[in-house]
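Here come two complexes built around subunit A, the first alongside subunit B, the second alongside subunit C.
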Partner chain A sequence: MSEKTGETLLEVKNLRTSFQTDAGIVQSVRGISFHANRGESLGIVGESGCGKSVSMLSIMRLLADNAHLKADKILFNGEDLLHKTAKEMRSIQGNRIGMIFQDPMTSLNPLFTVEEQLCNPLMRHLKLSKKEAKARALKMLEDVGIPSPEKRLSQFPHELSGGMRQRVMIAIAMCCQPELLIADEPTTALDVTIQAQILDLMAHMKQEYGTSVILITHDLGVIASICTRVLVMYSGLVMEEGSIEDIFYRTGHPYTAGLLASIPKETKEKLIPIYGTPPDLLNPPKGCPFTARCPHAMEVCRQYQPPLVPLGEHHSSACWLHHKSVKAKIGEVKL
Partner chain B sequence: MTTSMTEHATANMSVTEKTCIEAQDLKIHFKLKSGFFSKPRYLKAVDGVSFSITQGKTMGLVGESGCGKSTVGRALLRLYDPAGGKILFNGEDITHSSDAQMQPYRKKMQMIFQDPYTSLDPRKNIRDIIAEPMWALRLYEGKEREDRIRELIEMVGLKPDHLNRYPHEFSGGQRQRIGIARALAAEPEFIVCDEPISALDVSIQAQVINILEELQENFHFTYLFISHDLSMVRHISSEVGVMYLGNLVEYAQVDELYDNMMHPYTKSLLSAVPVADPIRASKSQRIILQGDVPSPIDPPSGCPFRTRCAYAKDICAKEKPLLQNINDKHKVACHLYK
Partner chain C sequence: MAKYILKRLTAGIVSLFILVTITFFLMHVIPGGPFSPSEQRNVPEKILVQISDKYGLNDPLIVQYGRYIGNLLHGDMGISFKKQDTTVNELIAAGFPVSARVGALGVCTALIVGIPLGIIAAVRRGKLADGFSMVFATIGVSVPSFVICVLMMYLFCEKWKIFPSYGLRSWKGYILPVFCMAFSQIAYITRLMRSSMLETLRQDYIRTERSKGVPEFQVIGKYALKNSILPVVTYVGPMVASLLTGTFIIEKLFSIPGLGRYFVSAITDRDYSVVLGLTVFLGSMIIICNLVVDIMYAVIDPRVKITE
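Entry: the complex of A and B
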């Protein structure tokens, strides 16, 4: 671990990403601010379409041509990423920020061997010779727990199982020893036993290289087992932010509370679902996006978007229930 | 509710504790491509699985991908021809029934599919999708059919004016409800739910599970719930079977299985499930299995799990352990328990 643990590594302020489509402008991310510290693992949870992947792709500048990105600032290690050219970004992508994509079946190139895909970033970013790169690639495969790595190097992705491919993805993302690793649903396509292996491996890599991790998932169990801080997103906005204890035991937002209530408990009590579906981002509602599904919705929620209100030292929630004027009127509401 | 459905339900109520469906040493083998003169090779997807489900109950079937759990579900509906063993539905042997002989059983057995995005025909409106089983099985005519369709769509929490719309106009959770309505159209007794929630978001999963539970309470359906979400299986099932490489390695009453698991595979599988509770998550010890599942084309000799088992002994390579009773609620196939 580096001695700079705890320092801010990534700071994002008021990020907005929209996509121009035939149906109109889809506002996928509607103004989110967050930061990630050195050596910590930040979890981002939310439903499909809440903008969690798009916000990460925005930071990496891997968006499609029809995307429009705006932000007050995106600072990585003090450097402004927002105004970098595509060429300058390329020295950061895969080098100082590594990324693991969701589906290992489709994110590896089927036409190149594992060796070519793993040596490419090493030769490009670290300027290693072919021989050095191969030696390093071999060590990386060993580190991620792939048996008989020499044989695997010359194989193509289709010859590997899902768990193996995800390991290769991790090896590629980690080979340049990035300061930040963004893992976008790294285990969603895998079985629980393989998921446990991969999560274990990520925790180990984080320990060994002191990498900061941003983990995107919709599984609160995965969050609970490896993250220290959590960002809850809904409909392109941050709903709640806090340590895992804050999120699980001092829940501050009705949406987070709803997510927790819809997970089955050992006691087998009836599940409490969140009724309805998330709003359409082509035409997002004026007020709080969760209003239509929220059991505590009030008139003010329909009209105005709630600001993030601090609830504790590092804990904040965007909900009118925590606002002074509302509290004065209806008192403290138990979530 | 119309009278037909109520009668149907009460008729079933009086016969509780009756076995709905039973598999006895069920084997499903798929023939692989091989040369003209070479010996035919088989992929043993299911290799001798026995269990029974009591009417009105839910059996959960868990295991990793490729362990044969979906094949078991499909085989029970006779979508595959078994290579061996027996399938009994309400006590009658349907293992080798012809298509014509299966016809009366078809309406009593239905299936809910995994992916709500691909299991509904995009060119049909919702009315036609729900009516399809009625049309195929010659149930209801004219006005009666329309009434029934309206009743079904309300049963799953959608509105009759949704009937003229097409699948692409619905979200994943709503589509899965349409899939459930279609399965109910034939008035089934037994429903195979093949990963019905795995394509859905957490907040939507609970909606679908609640619908399945309410329907079971009202109409006494029997479910085979195939899933890799072990906490949801615990929530909904009364019995659970754990499969590994085409074999049932453990089978028990649900709480007995989760509190007192015996097979080394079950232990590692359950320990791998992430707990949505940071304090408990930090205390729990994961048992991490090494390696991948062996190929079912060339499975290991003896116990299928021995190649990854920490307790494997000599006997495990020689003899395949049989599923045996530990007590009246619990069966396990492992040489450690003899």
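Entry: the complex of A and C
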């Protein structure tokens, strides 16, 4: 798999997802495009409700019935996922794309043993016999660092701690050696010490299995520890995209700058929050969604949505400050 | 486990004792007695006193109570005041198998129809199948069973002459009573199953099952069903007890020689020993069914621990 590193594995173009609710149509994702390369870790950051999870659930087709999904294309390894039937998707779900969810306390079925939950995808996708599946399940539990796996296999989720359960989730997601692992805030619900262990484990699994990772989080610290490229999302749109260095040292968007300023650091005395709240997705604003909270907001921001402006080879930002017409007028703005 | 069951049964016997005591005294609060004169029956006063004396009905209540409990402990529930030469034990032994056969079929029908109907309604939420089963369930809950019985009898016995209108001489005789008995139960179970399944389908672990590529049929029929069946199990426990001991309306309308009709006739007849006997019998059935439900809980949900 290593010779293919760098190839595009997942390509998403103009993904739009909305939900029909009693209050109206909620536009959770409003046209995002991105790609993930083989062997890399892509981080997606943004605050709650910005459409990170929904966009990933859209790709996996795990949305509720009231969701409406549109896109120009969703290509996985060159295959068109958008037009696959539910049955065709099932041979990809859990097999070629694995997924880990936020809350390990509720993500495992409380009435079935770890063995049942882990062996099901093995028997289904890899066509293993019950015995082979069990042997492989044991090895997976060992790989994710669960002590006495033999005993754990026959236990129920409530007999495991939160960290253990997330390890089991990782084992389930990774058991068929997927090409892509989508981790939706895998550490948010865990203690800080366990968080570090789980992130280490994910990095280790990625190495060992050569899996690409898409990591969703609202914690830039987590992104920094395992990702190579970052997508910053806000209000269902991509605000900035770039390498980890681009995002941290050559920040190109006021929202990213705001997120960075609100990370606790030892040297900083005071945390600077981003004031205000994200816009209502029932009725998204016409212009840039960040206008109301942006210290650099201009008239043009209110009226028109900014295009993604390239700032470097892989770095781009959706902000009018970088647009050449604005630059010509007010010059370079330090974020 | 054995220790737990023994403990629960002991507690059950205590409950039964309290039940018998309350029923005994309440029963005697009702004016009249088994031999009270009525229009049809004009018995001279002297004879009345003599009969009452023979059955000990003139003794102080507390003495009668003590005697009854003493006999009950020997398994003797007395003789019927109404039915000649019949003990209550014989009455139950003759009626229960009949009621239980109809009741068991009713329970099975209710479960076999109600559970799938509820699941379909939940899965097809807001669609035609959901609307249809909810209309059916509402009818089932709100239309009294005697209306259903009479309607069925009119259609199937009178108009089309497919099924007999009384008795259980052949399998055909069972169909209408079982259907009428199950009708409202199907409605309850459908509603319970639907709401419980809807709740379960919203859970994170169902999304996890889907993310593993598990087919929808298995997600619902296996992983969601086990999680959503508990409310139905809870409801079915007491339902089994009451259906197995017979239903007054159905046994009366279809002339089924079961136990159900005595539950009402014994009270109007002031047939004290039958009232008490049936109370003890139904009470024991409920206690046993609830015990079975609690054990089922622990079998289904590993988080439920049976504490000894």
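Simple rule for what comes next: the second predicted complex is superposed on the first by the 332 of 335 C-alpha atoms of A that agree within 3 Å, B and C clash if a C-alpha of one lies under 4 Å from a C-alpha of the other, contacts with A are read in each partner's own complex, and residues count from 1 in each chain.
Simple rule for what comes next: a contact is a pair of C-beta atoms (placed from the backbone, for glycine too) under 8 Å apart; a residue touches a chain by one contact, two chains touch by 3 or more.
Computed from a predicted model, the values in this text were never measured in an experiment.
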Give one word, clash or fit, describing how subunit B and subunit C relate on subunit A after superposing. fit
Applying the document's definition of touch, where does A:H125 land relative to subunit B and subunit C: first, second, both, or neither? second
Given the superposition on chain A, which partner contacts more residues in subunit A: subunit B or subunit C? B
With the two structures laid over each other on chain A, which partner does A:M56 touch: subunit B (first), subunit C (second), both, or neither? neither
Going by the contact rule set out at the top, does A:R90 touch subunit B (first), subunit C (second), both, or neither? second
Check whether A:S107 is in contact with subunit B, with subunit C, with both or with neither, and answer first, second, both or neither. second
Give one of first, second, both or neither to describe whether A:L237 is in contact with subunit B, with subunit C, with both, or with none. neither
Mind working out whether A:A67 is in touch with subunit B, subunit C, both or neither, as first, second, both or neither? neither
Could you tell me if A:M99 is touching subunit B, subunit C, both of them or neither one (first, second, both, neither)? second
Check the residue A:S225 against both partner chains and state whether it touches subunit B (first), subunit C (second), both, or neither. first
Partner chain(s) touched by A:I44 [first = subunit B, second = subunit C, both, neither]: neither
Can you give the closest approach of subunit B to subunit C, taken over C-alpha atoms and in whole Å, for the superposition? 10
Dual-contact residues of subunit A (subunit B, subunit C) none
Where on subunit A is subunit C touching in the complex? 60, 62, 65, 86-87, 89-95, 98-99, 101, 103, 106-112, 117, 120-121, 124-125, 156, 158, 169, 172-173
Touch list for subunit A against partner subunit B, complex: 47-48, 147, 161-164, 191-197, 199-200, 218-225, 244-245, 248-249, 258-266, 268, 270-275, 277
Applying the document's contact rule, which stretches of subunit B touch subunit A when the two form their complex? 64-65, 171, 173-174, 201-207, 209-210, 213, 228, 230-232, 234-236, 258, 268-269, 271-278, 281, 286, 288-289, 291-292
Spell out the residues on subunit C that touch subunit A in their complex, using ranges where they run on. 125, 203-205, 207-216, 223, 226-227, 300-303
